[in-house]
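Labels for the chains are A, B and C, by order of writing; each one numbers its residues from 1.
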Amino acid sequence: MNFNLTEDHNMIRDMVRSFAETELAPGIEERDEEEHFGIEFWPKAAELGLAGVTFPEEYNGIGADYISYAITVEELSRVDPSFGVTISAHSSLGANPINMFGTPAQKEKYLSKLASGEHMGAFGLTESNAGTDASGTKTTAVKNADGDYVVNGSKVFITNGYYADTYVITAQMDKEKGNKGIAAFILEKGTPGFSFGKKEKKMGIRSSATYELVFEDVVIPKENLLAEEGQGFKVAMQTLDYGRIGIASQALGIAQGAFENALKYSQERIQFGQPISNFQVTQFKLADMAMKIDAARLLVYRAAFVASEHKVPVSYYAAAAKCIASEVANEVAREAVQIYGGYGYTREYPVERFLRDAKITEIYEGTSEVQRMVVSSKVLKDGPVL
Amino acid sequence: MPNGIWVVIEQVKGEIRKVSLELVSKGKEFAAAKGEPLTAVILGKGIAGLADTVASYGADKVIIVEDDKLEDYTTGAYTSVLNKVIKAGDPNAVLLGNTAIGKDLAPRLAQRLGVGLASDVTGAEVDDANYLKFSRPVYAGKAYASVVLTDKPVLATVRPNTYAVAEPDASKKAEVSTETADIDAADIKAIVKEVIIAASSRPELVEANIIISGGRAMKGPENFKILEDCADVIGAAVGASRAAVDSGWIEQKFQVGQTGKVVSPTLYIACGISGAIQHLAGMGTSKVIVAINKDADANIFNVADYGIVGDLFDVVPLLTEEFKKMV
Amino acid sequence: MGNIVVAIKQVFDTEAVIAISGGKISDQGVKLVVNPFDEFAIEEALKIKEAGGADEVTIVSVGGEKAPEAIRTALAMGADKGIHVDISSLGVIDEFVAAEYLAKAIATVPYDLVLAGRIAIDDGSSQVAVRAAEVLGIPSVSSILKLDIAGSTATVSREIDGGTETIEIPIPALFTAQKGLNEPRLPSMMGIMKAKKKDLTVLTPADLGVDATAKSNVLEYSLPPARAAGKKLTGEAADTAAELAKLLREEAKVI
């Protein structure tokens, strides 16, 4: 057993950290305040290869492992969790289903542009009445005379919505069959009948784009069916299994960012004539934060390791990592605000932003409750995890 | 016959750099302690008249090397000439200023002479075993090394503002000798095409007695006017933190810090600078540090002799008015 | 033009807090990076190559066992191959000795141009590259802000105190890079993946046959005396400004 990262991993961390600190850090408060999506950073991120970390080189990807990907999202989120989820949603949700389920022709046409970052990707599963329960999907797809699909309905809370060029969406083809009636499609922005509804005003990750997708008699050509009819639910679930590694990494980055700020502040803030880090009450807070982050990081990197190995299903490992990391992000960000005291509650300092950004990681791509469902079903079926 | 200490005088268009006079002044003390002469070496064109000036600051001897090819500084020609006069004169130590020229020239000269070099020296003392012992910053002043050199001549470049300039005494005269340049053809490779000295009424950053610097809190390039107005009242140079330079508000040559200029003024006024370790590395040897910052917990206050907790946009213009009343 | 050699050094990160342990600067827990000024040199070499001005960029680093990390970073940025002069068996060396090794290592490959950073931010001596040029018998210009090469002539702009000067000089020559020469790129993800497949030659002191002994000795390292925090003035801006001006004049006597 070896806990060391490779030289490549360390270099990737250094590179992404430099990018985040020099490009993303300036103006982050304003972007949060104004809910400005950082589309201007996309070309540079793409040039550095951040859009296609795990995808094969033949489709313009980097061909790196999931640990490289986890480090990428972690380091972006350590500075800018909104840009972290932009990359995560693009890679894990927008591009990865095509990578996993696409035909060579679909990969050539779509994945090669997504992996290079020429295009941005997004994923449309959630609907207003189908959140955790995907079987409530009301968006419909009906085959027309040409064998193409006519889609009607809407999707909500779509990360990278409006800005993405390619959307993987799910729609119900046979309500009787429930989840087994769902199909997945690749939908291009600009297709007639495909429009964007309202932009969500959010508590956190305010500089990520979250839009409603609206489909009015959208004709999706038959060659854009992903996998087979009736396999859409499977596509979505497997996509989310891997996607959770991205969100777990985002949560880890949030925890790390909040912790580093609090650690530094505790050594500078003078009360009773000395830095507050001299007081045991602060020291124990810092110790708990450090240990929790460390535990979360081991789980996240292990899930990434399992995802790279492709030997056993990733679902349990990703669910456990995402659940723990997202809860650690919230606990650490909350304690970071506490260490800052009154200043921590103001927008002068970054920790309140980390706290607002942390909350979503317990909700999207499966709530903490869903993760516990995945974990409990695994232990009830296979016994305790060793 | 001991051949004493030599100071390589740096002159630009016939004007001697302040650091050279600092070295003549201090070098004279070292030489006196050793019972040896202090020699000033001046290279250039039309510079013979400078001999009296360096004599008035304490030089016992002056070596003048005049040549058309020495009018502009070039690494090759200056190395060639100094190598020859040093070999002929056999001094025990040679001191240069740690200036753009000193930094370029000294390593090349040291390698040609086959000797060591103490760079960017901020302290020196006479030493029985090794002639001189130097203190020099490493890790941009986060630590200091005490250094000795094993071979003669002992070579050092000394940071400007390390030593005071002595009061000149016009009655002091030096023994002046003139050497021919005799530059090796192989050393004449560089041609200086153009020299642009930025027109500025303010002192050069590394030599300035007072520096007023701005950081991230300056918010934009236009606001440096506030610092410039203050600088012009007290004869200060204007500097900046890396944050301000990287934001594109001020030219890189004004950056103070580990990856910029290392300065050691009498008074350093840091405005809206948080005091990152890299910045402190560039100005930590300043004699008096003043910090003006809105954030009462800013790290800069931990090193400042005087601090004002307040908005620089309010404080600095008022401070300028106060200075006006004084000077 | 054929080959550009870039001399680089691995140094402590600028964030590093310096501690002394057993008379030496402790490297415990310190992050090591490519010397920031060497990044300008690497970038300039890559730009020249990309513009068709050179065939190959070779990285040379004289350093201990971790120096290959720095070389890999340069290779990830786009350099073609690396040479590591492994001096971990030598103990402490000075600038004179380092320059001999660096020059000998550079001379193992054909070169038309040698680039380096103007200063290494660890020892801060600004000596080794220029000394190496002297050993190689090629001209050098320090602290350049601009470099143009036409045929066998380089035109460089260098920083001087208070301004800049433009110099014409024949190549092969060595130039040291000052901040402002360019904006160094980050290594891309693809560059990082490719770097480990690039050629990295390790040379030992014996391979280079250098016969040089140090000309300088560090007697001891010390930390600068901590500056005590002084007087902190709070209150109305007008009052604090007046108070400060008075203190600077009457107490500190610096105005």
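The working rule: a residue touches a chain if its C-beta (ideal position, glycine included) is under 8 Å from a C-beta of that chain, and two chains touch if they have at least 3 such contacts.
Predicted, not measured: the structure shown is a model, and the values here were computed from it.
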item: Reference chain B; chain at largest CA-centroid distance; value: A
item: Closest chain to global C-alpha mean, per-chain Cα centroids; value: C
item: Chain pair showing more contacts of the two, B-C and A-C; value: B-C
item: Averaged-CA centre spacing for the pair chain B and chain A, given as whole angstrom; value: 53
item: Cα-centroid distance, chain B relative to chain C, in whole angstrom; value: 21
item: Computed distance of Cα centres, chain C from chain A, in Å; value: 39
item: Complex interface listing, chain A residues touching chain C; value: 7-8, 10-12, 14-15, 18-19, 47-50, 53, 62-64, 68, 72
item: Residue numbers on chain B that touch chain A, as the complex places them; value: 246-247, 297-299
item: Chain B to chain C touching residues, read off their complex; value: 17, 72, 74-76, 79, 99-101, 103-104, 106-108, 110-112, 114-120, 133, 136-151, 186, 189-198, 200, 204, 206-207, 210, 234, 252-253, 255, 258-260, 266-267, 277-278, 284-285, 287-290, 296, 301-311, 314-315, 318-319, 321-323, 325-327
item: Contacting residues of chain C [partner chain A, same complex]; value: 33, 69, 72-73, 76, 186-190, 192-193, 195-196
item: Complex contact set, residues of chain A against chain B; value: 22, 26, 265, 268-270
